[in-house]
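Every chain is named by a letter (A, B, C, D, E, F, G and H) in the order it is written, and numbering of its residues begins at 1.
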Amino acid sequence: MAADVIFDFERQRRIGLSEAVFCSGKTTLQISAILALARGRNSPLLLTRLTPDAAAALSDADRAGLDYDQHSHTAILGPWQPPAGAAQVAVVTAGTSDVRVAREAIRTLAFHDQAATAITDVGVAGLWRILAREDELRRHPVVIVIAGMEGALFSVVTGMVGGLVIAVPTSTGYGVAEGGRTALHSALASCAPGLVTVNIDNGYGAACAAIRALGLHTALKSS
Amino acid sequence: MAADVIFDFERQRRIGLSEAVFCSGKTTLQISAILALARGRNSPLLLTRLTPDAAAALSDADRAGLDYDQHSHTAILGPWQPPAGAAQVAVVTAGTSDVRVAREAIRTLAFHDQAATAITDVGVAGLWRILAREDELRRHPVVIVIAGMEGALFSVVTGMVGGLVIAVPTSTGYGVAEGGRTALHSALASCAPGLVTVNIDNGYGAACAAIRALGLHTALKSS
Amino acid sequence: MAADVIFDFERQRRIGLSEAVFCSGKTTLQISAILALARGRNSPLLLTRLTPDAAAALSDADRAGLDYDQHSHTAILGPWQPPAGAAQVAVVTAGTSDVRVAREAIRTLAFHDQAATAITDVGVAGLWRILAREDELRRHPVVIVIAGMEGALFSVVTGMVGGLVIAVPTSTGYGVAEGGRTALHSALASCAPGLVTVNIDNGYGAACAAIRALGLHTALKSS
Amino acid sequence: MAADVIFDFERQRRIGLSEAVFCSGKTTLQISAILALARGRNSPLLLTRLTPDAAAALSDADRAGLDYDQHSHTAILGPWQPPAGAAQVAVVTAGTSDVRVAREAIRTLAFHDQAATAITDVGVAGLWRILAREDELRRHPVVIVIAGMEGALFSVVTGMVGGLVIAVPTSTGYGVAEGGRTALHSALASCAPGLVTVNIDNGYGAACAAIRALGLHTALKSS
Amino acid sequence: MAADVIFDFERQRRIGLSEAVFCSGKTTLQISAILALARGRNSPLLLTRLTPDAAAALSDADRAGLDYDQHSHTAILGPWQPPAGAAQVAVVTAGTSDVRVAREAIRTLAFHDQAATAITDVGVAGLWRILAREDELRRHPVVIVIAGMEGALFSVVTGMVGGLVIAVPTSTGYGVAEGGRTALHSALASCAPGLVTVNIDNGYGAACAAIRALGLHTALKSS
Amino acid sequence: MAADVIFDFERQRRIGLSEAVFCSGKTTLQISAILALARGRNSPLLLTRLTPDAAAALSDADRAGLDYDQHSHTAILGPWQPPAGAAQVAVVTAGTSDVRVAREAIRTLAFHDQAATAITDVGVAGLWRILAREDELRRHPVVIVIAGMEGALFSVVTGMVGGLVIAVPTSTGYGVAEGGRTALHSALASCAPGLVTVNIDNGYGAACAAIRALGLHTALKSS
Amino acid sequence: MAADVIFDFERQRRIGLSEAVFCSGKTTLQISAILALARGRNSPLLLTRLTPDAAAALSDADRAGLDYDQHSHTAILGPWQPPAGAAQVAVVTAGTSDVRVAREAIRTLAFHDQAATAITDVGVAGLWRILAREDELRRHPVVIVIAGMEGALFSVVTGMVGGLVIAVPTSTGYGVAEGGRTALHSALASCAPGLVTVNIDNGYGAACAAIRALGLHTALKSS
Amino acid sequence: MAADVIFDFERQRRIGLSEAVFCSGKTTLQISAILALARGRNSPLLLTRLTPDAAAALSDADRAGLDYDQHSHTAILGPWQPPAGAAQVAVVTAGTSDVRVAREAIRTLAFHDQAATAITDVGVAGLWRILAREDELRRHPVVIVIAGMEGALFSVVTGMVGGLVIAVPTSTGYGVAEGGRTALHSALASCAPGLVTVNIDNGYGAACAAIRALGLHTALKSS
């Protein structure tokens, strides 16, 4: 059965977002086969959920030209450079443990040539921290908020700005917060109007939504 | 089997809080029997979860001298008067729908001769509302916070004050917030240190905890 | 305690979206008080979750000038007219039972002067129905998809278009689908990148998110 | 107590499906005892959920003549050969991570002398992939669909074909999809009529159902 | 917006099963519009989940020619007659409360011209009842088993016969069995190989699966 | 703080069952301290949930005189001998994976001088196996039934005998059966009257209930 | 299809407990048919979950000779008299709302000619109440404990007596206690050894278990 | 991105409780950076959830002056000494496995200069143990009760004393008690008035609540 891999290179042309390789649950053989396909087409590629162990299991040939970030478990294949324009997206984190997810979002944005502003450690237990950043936040048309535990930051930020706010609940927490359901439900039940959310720990998905909202599809349609 | 009612008049002597009559699930006959027992001992009595229908089903004799509040579904039997001292407890609500629970707490406090300050409609979707009350809040040694939906107000208030904060999650909400689990979990998972919580919609319990914390038991022990 | 109502008229100035009145759990007295406040300020007002029974309980004076829609349980106070511009938002429903939520979204958009295109009864059990609308869908920068049951339509539409897709899971269904959790989880777990979601049956929230994404806040910031 | 093993060799005669050995939770000693019983009766045997570690723990004698497949964690004892007839069953997978379950199904079918057509990597995020296989799918009287995440593929395929469709939800996914409940509920709540499902990751059970549906029992009854 | 009804008459041609009208959540106006569409096309129609109240709300014109069964909440429009052939499907119920679901299945089969054998009140608490019917059961290629509570009957029947067994868990029960999750999970976790299941109370779906399995689609494809 | 251990040697005198040492979550130091206390009082002792690793971590002195069984993770301290009388309790298991729990029950019974009859591998997928043991089962006043997966065996056995039947659901299973909730709920929702249950995997508790039911307390009270 | 009723009169002969009629979910026609069958055989009959409305819907002929108790929703058909012997079973309730379930248990015991001692309103919030009954409790070989809310009474009683203790969790409670899951889990997780439990609100089942434990089956077998 | 650490030294001044470092989910680099910040400000620091492995991964320089307790996974940085005053807080544990959480609470209290009385191994299965400590308990204005399994001790203690009682449910248990939800729900649903609770295993939070209740904030406000 070999690697049984079919890759959807068609997606970029259809919806303006390339398929990313979600590495969790894939064997080394399968990841390797996808990398070979991408290299054969000279296509840049984003890999998510690639653990340090899984990355180390790849051959030297597979790893060549891979920009791997062990904190966010992401890798980027192919020539790319940091985005040049002004940041349209702010990425806000409640606590230190949420930074790994923030980096997944920021690297996904960068892969699609979008810069981002990182605002870290502004959880509501010390409300003065987020209040000090209000003006800065309001200058970004899209704000991604990343929080675990009780996720109170989602509502607080959504009540502060007029742009699109995307919540990313994280699995940070214990007891009733373990796994991230409490933060997820806080995002969904928010009293602040217009907050939207993605799945737990899905920094990649939030970045894709930001890209959709920022109207990159416009260019696609007009081409 | 008649009314099968035994009432714990002993409790007041033992722990300084009288047993309240939780009327949900009790028949008219049973509530009537308890009222008769209390009148026979000349004992004031607090009834909770007495719906308007259940109150209307009581006989005129049973209702005589009952101070019934239909918004909070509470009734107080026996001569009592509003508490005279300064309020030691602030009762804060996020939205209009939470007021019924706030009134259960305030009336339970009053029954035990404790005044309270009501602060209403200060949910975090418009953060400026709660920020405007910060100094006032900090003057109360105990703050009861009542909120449904995502319950973000619990963490915000706990991060503002140094006194004891007691959360009462409410069943206000729909979808994932239906029944109050989301607000409850937010209280339990709060990133603000020292927040405690009671069961969903349990304004009575929060008031009892406030009374315990305010040291009324001291008098009891020294008597 | 009267009606205990404080209304956040401040919100419009701060974030560009006015507070809507969520009527579920509010008494007739409270709704009436809010209407009076709005009339006093000459402020248009959107009411959601106003059941036919609750609407009928309002006085004639309260109902004067209220545009009530019994299918979506929404009411609009004050002079308003249908939006004039081209529709930037498509509102797609899987089945007939989802139409009530779609109308809540469409009326919220209209209240903020945004036209919408309604595309109904295109569930995936007969895939040819949604395929026939693909080009039309792709012309809208924002697509709101409303579905209950298993919510497969969310992923299918997100795979078809490059714009922002907002899922509204509905409580339509029975057995494991009862209450809408299955559709909600399908939206969150979607294999299509960049899909975002709001709470179950929250057509109002999806419309607010669309308004945020469409950049109305830009005008706000530049004013 | 030794190995405490009793094996139900009677089952084949009664219902036309032999008992398979579910190895998870069994000790090496117990598996070894069952293999000895089967060899003693000259009976071919299918083992499922035999991890590579558990397989390696068996003695050389136990492993002799075992055809082990480490991707699907299945083993077959005894002389057997690939099925010769035309494939009556299509086995469809949404993503690369679902292939391990597909192989369990295909090997169970092969053990009962049924050929299968494998169709891989046709998840709905790129709908054009499954649409391209529609005619091929419709030629099989039974279609097994294997998907994790939100399981939208179940409804899409069931809406395309007139034969029996059996869903196998997989535990592929994270956040709300972790463990496979979301995919399972999608299968159960499907809007497409006549879809049936088995337990999460149960490729073996889906294959048994296909065998039952294909009428092999007919021969059994007529013999 | 009128009735907003689009009906998928295309489905019969595509997959050999006509769309049924799931009436729960539909307004009288919407049901009436669908009936009119069907009459206009001279198309027979099956309606499910039509409660006696909903049926009574229809006009006399709408009800003309409707064969309504109040026990199963189903209605059939158009000329039809009981199926003539021998029963290929056995429909087995554990208790008296499950009969309403059994009738939904039997009427769905009849609508598609399939006769069924009803075997009632054979729950496992008195095992001798189902044992007495074993030979009869084994003569049917498809067996639909309908049970609530703990659903033990699913495994017992599947262990007795070689044909396809389809479980329909019902919402009959209280405590942990309330709503039908316990019976559903019993079907999914069954130790008997090859059992498949549909959603709770979904007699209609089980019948559709039986029709798919019986190969009616063959005729369709060869026509 | 040393080992912080207080042991309830009082229990035997009060209720006729000695406290057992539940080792899960205890440190080696704590287990060692309890063993020393027991030896000091010359008191026999039963230890449960003592994993092979935890047993190996004990010192030679601690292990002296410990009868350890690695299959059931139980240990018995002090002179004891197999029970001499006729078995009053039958211990029935559905599958091979349930034997570890059966042994915990049987050893707990033996520690209290009660013999037991083990009946293994009689799951309902092959119903003829349990039917063959019906007469034997009916001769025991107490029957403990141990099953995972869907737990259908609980109801089948309870429908066969007139004695007390105690269910022990086990964590054997995967998908919806993972962790044992499905088997537990089957026991609780059983249609067979008079079935009782204990917690998942709690063979020790079932044995204690059997001892209570067999009236050993009578002797205690009369002494 | 008429009433579709088959009644298991065989059960009494087989296991010594007659089948009771669980009326919830049955139509008036079905209950009536069962009563007629019982009268035809001159067989006494116990009916449970017969609501006042359902009882009132029966014809005068059906109600003749029925001893109906509206508090416990039970009815007994046929000549019977209160049990004459000393009570072997104590039935303990935590609060007034649990009495309805206690009466179901006591009447089921009485139907099988077993007397019971009722001990009411002894919840642990006032521990002195249950402590005062300790000696009385210890004189009964079987104790049925009925409690809702947090169910702490189960463990307290089990720690006091040496006989068999059967927990009946009730659906009394609100918030996290709503429906009875919290009390049920308390019974299952009890730290007191040998406690067994039945389903929520299942007073009938607890009584049947008590009858099984009291060895009535012995007489049956020796006859 | 370096360590991305911002620490809220402001908190002490604002609410009288310093921020503790919750180490779970933080990298060695991040913990090290926080320690350096604290040393730079000469600020004492409390660290929680620091596993032995995480502690061992710190450099010698980082560990210098750290008072680490491996049983409770806490560490204290900076000169401190055991509290000198009389204990105002009693810390009660049900079983030996709960001691780790008790120590987290006691060390948090000590860090804030509050002495505590430890009362261990007084679970309700042997009720005489807690009854013997009643007078001692009543002398403390605050009682923290720590219990896993069914958590019956929470209600028993709350019924005994008049002071503030704070429940800490623990994750001690298996089956339905696994993870601590059963104990948590017992605390929330308690029939004893005024009991409050914190998240599962949150000894730190309970101690913070005790400090808030004891009025340390008073000094803060008057300064």
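Keep in mind that, in the parts below, a contact is a pair of C-beta atoms (placed from the backbone, for glycine too) under 8 Å apart; a residue touches a chain by one contact, two chains touch by 3 or more.
What you see is a predicted model; the values in this text were computed from it and never measured.
Common neighbours of chain E and chain H under the contact definition above: F, G. The chain with its C-alpha centre at the largest distance from the centre of chain A is G.
Centroid distances from chain D, each centroid being the mean of CA atoms, peak for B. A repeat of the G-H interface exists among D-F, D-E or A-B; more than half of the contact pairs are identical by residue number at A-B. Chain C and chain H have Cα centroids separated by 45 Å.
For the pair chain A and chain H, the distance between mean C-alpha positions equals 35 Å.
Contact of a single residue of chain D with at least two other chains is seen at positions 14, 19, 125-126, 159-160, 175-177, 181, 184, 188-189, 193, 199-200.
Pairs of chains meeting the touch criterion: A-B, A-C, A-D, A-H, B-C, B-G, B-H, C-D, C-E, D-E, D-F, E-F, E-G, F-G, F-H, G-H. Contact residues on chain D toward chain C in their complex (touch as defined above): 94-95, 123-127, 149-152, 154-156, 158-160, 173, 175-177, 181-183, 185-193. On chain G, the positions that touch chain B within their shared complex are 71, 96-97, 99, 103, 118, 120-121, 125-126, 128-129, 172, 174-178. Only residues 1, 4-8, 10-11, 14, 19, 24-26, 30, 171, 179-181, 184, 199-202 of chain D touch chain F when the two sit together in their complex. Per the touch definition, chain F reaches chain G in the complex via residues 14-17, 19-20, 138, 141, 159-166, 184, 188-189, 193-200, 204-206, 208-209, 211-213, 215-218, 220-221.
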